[in-house]
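In the two complexes that follow, subunit A is the common piece, with subunit B as its partner first and subunit C second.
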Partner chain A sequence: MISFSGRKLSQSIILSLFLSFTVGAPAIAQSTEQKGFEISARSDRSDRGFSDSRVKLKMILRNAAGAESARTLEISTLEIPDENIGDKGLLIFSSPADIDGTALLSHVKILKPDDQWLYLPALKRTKRISSVNKSGPFVGSEFSFEDITGQELNKYTYEYLREEPCGELVCDVIKRLPRYEYSGYTQQIAWIDRKVYQTRKIEFYDRKGDLLKTLSFEDYRLYQKKFWRAQKMFMNNHQNGKSTDLIYSEYTFGVGLSEKDFVKGVLRRIR
Partner chain B sequence: MRRASLLILCLILVFVATAQAEERPGVLHQIDLSGFIAGELQVFPEGPQFDDQLDHYQPSLIFEPEFSYDSQSRRHQFNFIPFARLDGQDDERTHFDIREAYWRYVGTEWELLVGLNRVFFGVAESRHLVNIINQIDQVEDIDEEDFLGQPMINIATQRDWGRVDLYLMSGFRKRTFPGPEGRLRTVLPVDEDSAEFESDLDEGQPDVLTRYSHFIGDWDIGIYHFYGTGREPVLLPVADGTEFKPRYEVINQAGVDLQLTREATLYKFEGIIREGQGRTFGALVAGVEHTFFQIYESEADLGILAEYLFDDRDDDAPVTFLDNDLFLGTRLSLNDIQDTSALLGIVTDLENSSTTLRLEAARRIGDRWKIEFESQWFFNIDDTDPLTNFKEDSFFTLRLSRFL
Partner chain C sequence: MQNNKYTRVDRFAVALAEKILLYPKITIFITLLIGALLASGVIRLQVSNNYRVFFSEKNPDLIAFEKFEGTYTKNDNFLFVLKPADGQVFARRTVDAVEQLTKKAWSIPFATRVDSVTNFQHSWADGDDLTVEDLIRNGASLSSEELDSRREIALAEPLLRGQLISLDADTTGVNVTLQYPEKTLTEVPTATAAARRIAAEIEKDYPGVEVVVSGISALNNAFAESTVRDGITLFPAMFVVLVIATWLIVRSVSVTLIKIVVIILSTAVAMGYAGFAGIPISPFSGSAPVIILTLAIADSIHIMSSMITLMREGKDKLTAIKESVRINFLPVTITSVSTIVGFLALNFSDAPPFHHLGNMASVGIAAAWFYSLTFLPAAISICPCRIRLTSGQPRGLQRFVERIAAFVTTHYKAMSICCVVFTVGLALAIPTIDLNDQWVKYFDERFEFRKDAEFAINNLTGLYPVEFSVSSGEAGAISNPSYLEKLEELTEWLRKQPEVVHVYSYADIIKRLNKNMHEDDPAWYRIPDSRELAAQYLLLYELSLPYGLDLNDRINIDKSATRVTATLNDIPTRQTRAFITRAKEWFSTNMPEHMRSGPTGAPVMFSYISERNIHDMLRGNVIAVILIAIIMMIALRSVTFGAFSLVPNIMPILMTFGIWAILVGQIGMAAATVSATSLGIIVDDTVHFLTKYLRARREQGLDRAGAINYAFSTVGFAILTTSIILAAGFGVLAFSTFKITGEMGTLTALAIIIALVGDFLFLPSLLLLGSKKTSSKGVKP
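So, the complex of A and B:
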């Protein structure tokens, strides 16, 4: 994995050097884009190479008045090494009780709608669903489908903005412009720390260009001495006053999952 | 049937014990309890059409707990779902069933399931045409979405080129029908116990279904062949003309379901060819579903559906009202914390204009409760249309469920 990302990195450095020698003046604009990409790529790639993982997630949905509602689910992920193809994910809900056993299988695509199947246990029915709209709320939360599946490097173009302190760390601040045609965002601003290269905060700007939500990542832990994972994420919607907390637990890497565990046929055996 | 269920239950307990022993000893995984208990009131605003039928109100209680157990490796799965309805009006609607009671083994390329299970095939909304494994629990609802547990052995293999399922079944389940007091029944009540079978083996006739399914890009495809006793009975009047008796025939049926998913539009097709009930016939459902996401800058999604239904069966086959019909529908999902949703559908016969409208709405309350509203109305029903049996039976149902 390290050699893989190293090779990619050196290729892009050579490419940017080449561009700066040949095109002259636009090289400054090019280099902020390149720098933004490289920092994001380093962050993204530092977490990759895990091949597969499984984790339990508790979502706490809070309305503007502070009333809470919870969802619990298990997420299995199959990493696809090719960065131009998205990962595969299987989400299985265990609460609220009426959606116990409901499952969502996603084959994430970078610039196209994902392939998605929903399994409804009450009817024993597997439905291929439209996923063109990724900006809708995920199970009534402040996370959109795009937020859940959107952390793929090539889903954005990047622009380096500045460096600034973020808590006890120093962060690079990077603007991310969604490349997906139907994205719900005009831009995102991401804070990535310089110590372990993890995302600490993301601001989301809606289609009108206004600040919509802020996502903060907390309690990063290192797994297998390689993979950093935040145990807690807090999404605050500034426009409607609602918020959603994600609490991860029981991370397992190297479960032994394969492509066959991420085909629609497996949905029928969930419950 | 009862003896078979007991036997399966015993087998499952033995398997649970075996799987336990196989896994890390001493680590007893917990058996997971879910499912629900519900209270329901069905109301028929109009008086009955036939003698003995109930007047207006039909209250009932429903129990459907679910016990499931996965071994630590998740290779062994056990599921047990008993079901009971206690009906305040119709003794035939008071019934007990085992919806599921199976052991499943999940290998790397092979899967094996032994026991009672429910299996659903199909993509369309207005009619579940290709769905064939399970008998319909008709006393539950006329929407053909409630099924009796079917004893089976299911062997499946998943390969790069798709999935193949083989279902070996026996222990035929007879369709349930409302008693004389029940609404939404035929002009004469059906006596389930007097059922006749074409097969000399009666309920013991083996059924075999082979299905291939896969997805390629935007396409999802399923294709199968079924041989065995068809789940749909022909209803024949008994000698004294006071009741119908169901007759179940041996059929061959090929079925195909297709869906093309293009951005916000789903294109759906289901088709069957059936041999063994009158002249060999074909039937199809074809349609589209389009979703408008986040309408009026809200979080709500609105879907519109249109499906055409055609069925070429003759008078020797079981009756269907969906012979040449158009379905139009709309689905609203608020995408709120309570998962509020509603579905409205209208089916119109293109020849005699008989029309039925159905509305379903549901919303969660708190974490463990759910309220559902269902209503179906019959308009402009032609005397020659099979729906004429239901023409005074427009209803609405309110159901409150507590999840376990």
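So, the complex of A and C:
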């Protein structure tokens, strides 16, 4: 259920649905909150069962003056069927050269700080990052780690807002409120299309409720006739004028990864 | 006077006056309509609230700074300063206040970052665990020992010490960085109001903790507040002065009222023009209404005094009006044009508010000229004005003027020598003037901003951040040990400079990380040994930071440059310039070519603002002098006298600056504006004096002394009164809350008074001097 790999929502929803029903929300209150949740869950569900994947990612950072800089990395993801435990991800940087081989292992948590380890090849050591609040920018980009990994269904509560055309499609517009205490946002607004149930756009609102960033998803492609992946993601920061593009390529599914490829000890043996 | 003696200008003036007197109501209607239409632009006026209004788009210092900001982040900020009564920041109650303030500060509109001692991202190691966390969380629940350890960490931390925590830990700061969308002018006041509300809430919730708000945003807000405050105090004050002065001169309520209408119309037209032209009103250009008010009076005074004099001589009202328009048309036009030339010359300066003031004043003067020659005669012709014809000019003053004339004609040689000696002596002092543009001191002590800023400076840190973007030459190379060592060297050098109170440098962060990576062993508090190590430490650290506390405002995106901020103490800009020069020298001797960086930032911009504007205005002044000389030549119909007339007008400007150099010693950017505008204003008296002098010589064939006496008796009183009114008007500006406006007002008032003395003592002396030599050739006509 991690979306290191450019998809948005994943993970089983049965338990969540079950919980929602058993809470016994009144029919009327249910209408917006339940509808928001259901649409998000359907989108998430459309991605279930990919098991594992690997993809190359190029990040292009742009500042207000228009200068650009790139980072490249490879991301491996392991899907964890239990929706109350997040997916596992391994990010290996290849450029810039001075961080080549640096690897970040992440065990995503739903409502707790993620477990993260970083292997520093220059130091030949693995360091555990035990900070509670990692809502800052990811490698200097306009994405936070949360933006890349945060698309877990249960990380939010939902509210259905409206239906709206989005490009050539029609989208459901859903407000989502982060449940994690240290989230950098007060709310997000997501546009999910009605055709293939993929997220097309997300607006991020900062702590004072102002629009901070807009993320657009472009060029969705279907893999294994089942899994939609956006090839490009554009994040625009409205407040500081900076932006970041994520360009995904060479998606592979069913690489044959397992839990033992996502433990701390494996980091030292990567290269 | 007979018609055949009239010049073409005279004939035009008479024709104009006759038309106006034939259709006075239509004239009044049309002129009022024009005025109303132009004045309607007033509703579009906006008050600027950005210090950058003082820098043109071409200003190289601004361009450099905007480039810097495009790479890192905008520098707008609020600095909250908290001082607990017991002098203990690291006490439970105070850290709780700081935490609350830190949290609340996030709600300030446009805030993008909040830094304080509590949310400072303290990094520490526990074996192979790296923890990056708030230095203080839930401070109210910490033990005294825990707080003491936090105190030690904060005082040892180069990024905090001297910036967010005072050296003895009795005062602390919360710095809020803002990104304004810059779409409306309400942004800064809105944010400032929110910041002040939060400060008040904290003071209320934590009695004994004093909280003030400072920073660039507070400065920007002060610019707007100062403009508004001056507008509501100075303009009414000047208005009252003018009403009283006018009444004293004309002694007629209805004429005074008509005159007030003329002045209000002139001012309203000028402000309406500003509205239509989209000119933002800033502290300096905000003085335009007072200046127009002052200058507008001069035109109408000449017309009205002539009219009253003529009526006292027994002429009926209509004849008096017509004759008054005729004899004043040319001098009033010439003096208006020369004053306009002086003000338009301000367009040569770099600072847009100077252009704005120059252009608004020019429109106002043109409007005053127009209304004095159209609306004024029309209104007087139909109003049932009762002009007291018995009381002449105040006897005392008249006798005083006559005595001066007698004195000058006998002691002209001594007077000439005196004037020359004084002028030269004072002019020699001018180079000692110290150009100072400390923006905190732009605002007088009545201002909350000034008090708060000084509180911040006295208790916590400086307010003048000088920025350096230190490049490593290529992408990622900021992690090169050779770069980091140089950066460390720079940081240490900066810390040794007496002007510097704080230095923020990435070198300190990477040294701390190196220590953290080696189990917090202090021996490792140094630059990492390889580029890869430094780059990977940085990556690790970046992955650990929370929202809003990242390094993106310190390191550029391709990691080829970092930003070093040296906060300077409260020092005059002369010392800032010395520091900048020293820093540049240090860079060129100690840094490789690619690492050299010119300092930038608001203090750098303000340090050179006066020099830059004075330099740019030199050309403007030369052109103004030449144009005014040509105008004088045409007006006096004599090349010799036109050129000669400049002497008594340049002298007062030299003396003014000389007196200022001796009495005050320092001046801000106002210095650049005063020469051209003063010249345009003070030359008027010379025009009136010389016109009368030459008329006496040419038409009445009087000798020099006789012509001087004639000039004194005809215009001496008018020159005296208009000079006093003008000096009073500019003198009112001395009470401006904004130092630059105050200096401009005081200097101009001083120049006007000296020019008056010059016109009464020096000008006649010069005319008499060498009379024997030239008397055979004679004054041409």
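A few remarks follow.
Here is the rule we go by: the second predicted complex is superposed on the first by the 244 of 271 C-alpha atoms of A that agree within 3 Å, B and C clash if a C-alpha of one lies under 4 Å from a C-alpha of the other, contacts with A are read in each partner's own complex, and residues count from 1 in each chain.
Definition applied: a residue touches a chain if its C-beta (ideal position, glycine included) is under 8 Å from a C-beta of that chain, and two chains touch if they have at least 3 such contacts.
This structure is a prediction, so every number in the text was calculated from the model and none was measured.
Overlay on subunit A: subunit B and subunit C clash in the combined arrangement. Legend: residue contacts after superposition of the two complexes on their common chain; A:D98 is shown touching both subunit B and subunit C.
Comparing subunit B with subunit C, the partner in contact with more residues of subunit A is C.
By the document's definition of touching, neither partner reaches A:Q231: not subunit B, not subunit C.
Using the contact criterion defined above for the overlaid structures, shared-chain residue A:P113 touches subunit B, although it does not reach subunit C. Contacts of A:G136 after superposition on the shared chain: both subunit B and subunit C are touched.
In the superposed model, A:A64 makes contact with subunit C only, not with subunit B.
In the overlay built on the shared chain, the residue A:K260 is in contact with subunit B alone; subunit C does not reach it.
With both structures placed on the common chain, the touch criterion links A:R125 to subunit B and to subunit C.
Working note: subunit C versus subunit B after chain A overlay, options 96-104, 294-302, 402-410 or 510-518, clashing stretch identified as 510-518.
Residues 61, 63, 69, 96-99, 123, 125-130, 132-133, 135-137, 139-140 of subunit A contact both subunit B in one complex and subunit C in the other.
Against subunit A, in their complex, subunit B makes its touches with residues 34, 36, 66, 68, 77, 79, 104, 106, 108-109, 111, 118-120, 122-123, 145, 156, 158, 163, 213, 215, 220, 259, 261, 263-266, 291, 293-294, 299, 301, 335-339, 364, 367-368, 370, 401, 403-404. Contacts from subunit C toward subunit A in the complex involve residues 67, 69-71, 73-74, 106-112, 128-134, 179, 475-476, 479, 517, 530-537, 539-540, 542-552, 555-559. By the touch rule above, subunit A contacts subunit C in their complex via residues 61-69, 93, 96-99, 102, 104, 116, 118, 120-123, 125-140, 144-145, 182, 184, 206-208, 210, 239-242.
Interface residues of subunit A, counted against subunit B in their complex, comprise 61, 63, 69-70, 95-101, 113, 115, 123-130, 132-133, 135-137, 139-140, 258, 260, 263-266, 268-269, 271.
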